[in-house]
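These are the structures in question, set out in turn.
The same chain A turns up in both complexes below, where it pairs with chain B and then with chain C.
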Partner chain A sequence: MKNIPVLKLGSILFLTVPENMNDAMAQYLEEDVLQQLHKTGAEAVVIDISSLEIIDSFMARVITETVQTTKVMGARIVVVGMSSVATITLLELGLDMSDIETAMDLESGLHKLGYRLQTIK
Partner chain B sequence: MADKTEVIFSQEFLYSIFDLAPIGIIIANSQGVIEDANQYICSLTDYESEELVGQKVELLLPERFRGGHVALRDSFFAHPTIRMMGRNRELNAVTKSGSELPIEVGLAPIKSDGDLKVIVTITDVTMKREADNKMRALSIELEEVSTPILEVWEGVAVVPIIGSLDTDRAQKLLESTLAKMKDARFRVTILDITGLTCIDTSVAHHLLRLTAAIGLMGGHSVLTGISPEIAKTIVRLGVDLGELKTCSTLARGLNYAITVLEEC
Partner chain C sequence: MIRIKIIDEDDIIYARSEARQFAEAEGFSLMEKTRLATAVSELARNIYRYATSGQVEIEAINGEGKCGIVCRFIDQGPGIENIEQVMEDGFSSGNSLGFGLPGAKRLSDHFSIKSVVGQGTHIEIIKWK
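On to the complex of A and B.
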């Protein structure tokens, strides 16, 4: 069992859902995020799901639950890079995703959280 | 009844009905041998009646179908019912010169002299087939031109929805809009419904689904081109547009899109 690496950038936790994500890994995703939040005291989480071509109902539930629990822990969370096929699947599953903040890519996700990339002179 | 038939319709008269009918008629036996063919089928295929009688019906079929037809013929005689031949398939007859002719074929079993035979009626559907093909091509073309996705500003797309929006078209629109949005990185998508012929709850549902999808992918959407009539209809139908941003005109929608871009 390999965990998904959770990176910490400032006060943001950043994780990329791998392409070969299986159900076993998905089960630990929420747990990992929450543990890291607790340990690091981060204020926000960005989950990049751009490599997920297909989202099934299990994966959708993992994502929505992670979003909800993160919010309960007082942190903000943005899901970035949802593919068009995955979006259509989610719509067809009829899940309520209205309380999930999304962004097109990592950069706009960070921007949504109030961060901007800047070069240091 | 039999007497009456004899009085009104003489043998000759009945044969004339068969022979002069403006539809091709062939009588064939269970071995597929043509026993009679009327004038109309002769003029369609350029054969003389004498040339057809005694031949197998396969003579009038394109060569590629002749082999398979024998089994089909046998299955008809195994279950003789009145029916059209090859429903949902395009049938062709072949003329004496070898050219093909679009046809529709009806089959009807008949008992004659104790033998089971088949009355084959053949309609020339050249015009109908041409019209069908034209209509098909037109509807494909219409589909292509009716849902363009235009980049009108960097990161802003306009999707004019023209005509009607049924489930089929809504699904295609959803797929193409989302795919293009991802590729071209549209941050704001303007759905312009100026050209929408009518709006009902199902159309509203499709539009809301599309905007929900755009939102999930991290984009913004604006609904523009809302005429007073459409606004009234939306309210009267009790459609809840939720948090969907709406503008009366496309120009205002574009204006809004640019403000959204500046905020990003």
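On to the complex of A and C.
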């Protein structure tokens, strides 16, 4: 089973949730984030879910649990790139993810975490 | 019609991507494709979780001058004792969020369920274009 790559930039960890994630990979996701947080001392995490065409109750639980455990570790976390159709479907399913900090894209996600991209002059 | 055996988790992913492709072939909108694929994902996962194994049938149909996709979820699992109860939001008999059935119903245009304790469960959903 392949792990999900976790990239580090400064004090932020980035990871992209793969399109078709099964239970085993989901468990790795949570463990990887926690291990990397511990190892690197990163202060914030960005989870990109833009490759997910659908979010069912299983995926929603994986994301919610990863967010919760990250917060317990003392790091901030933002979920970016949720598609509009996935968002609508999620609400129709009856799932509430409003406790989770989300952003439309990576740039606004970074902004929510208090970072801003700047060009070197 | 396609019949997919649900034995492990990857079969859930396979079932929902097949449903998506059927909907795609019928010209469903992105929103409707996503609703159908999500409902299939929820119901196929129920088979895997509660009945261990079963099958999903996906078929394109025509009715009342419109086209649609019918999906059947068949298992010989433990069955459901109180269907009304599991159709309530927030109820779950297993270790899950418990939104499976009512959520899948909301995402579908038609939803019917038959279940006999000790014999299994048969769920049918239809999504019209």
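We take it that the second predicted complex is superposed on the first by the 121 of 121 C-alpha atoms of A that agree within 3 Å, B and C clash if a C-alpha of one lies under 4 Å from a C-alpha of the other, contacts with A are read in each partner's own complex, and residues count from 1 in each chain.
One rule holds for everything that comes next: a residue touches a chain if its C-beta (ideal position, glycine included) is under 8 Å from a C-beta of that chain, and two chains touch if they have at least 3 such contacts.
This one's a predicted model, so the numbers in the text were calculated from it and none came from an experiment.
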Identify the partner contact of A:Leu9: answer first if only chain B is touched, second if only chain C is, both if each is, neither if none is. neither
On the A-aligned overlay, A:Asn20 touches which partner chain: chain B = first, chain C = second, or both, or neither? second
Looking at A:Thr89 after the superposition, I want to know if it touches chain B, chain C, both of them or none. Which is it: first, second, both, neither? second
Let me test your reading of the model: by the given contact rule, A:Asp56 touches which partner, first (chain B), second (chain C), both or neither? second
Footprint overlap on chain A, where chain B in one structure and chain C in the other make contact: 88
Can you check the complex and tell me which residues of chain A touch chain C? 20, 22-24, 53-58, 60-61, 85-86, 88-89, 92-95
Going by the contact rule at the top, pick out the chain C residues touching chain A in the complex. 9-10, 12-13, 16-17, 20, 30-31, 34-35, 37-38, 41-42, 45, 89, 96-97, 99-100, 102-103, 106-107
Touching residues (chain side chain B, partner chain A) in the complex: 174-175, 178-179, 181-182, 185, 187, 209, 212-213, 215-219, 264
The answer for chain A against chain B in the complex is residues 80-84, 87-88, 90-91, 97-98, 100, 102-105, 108-109, 111
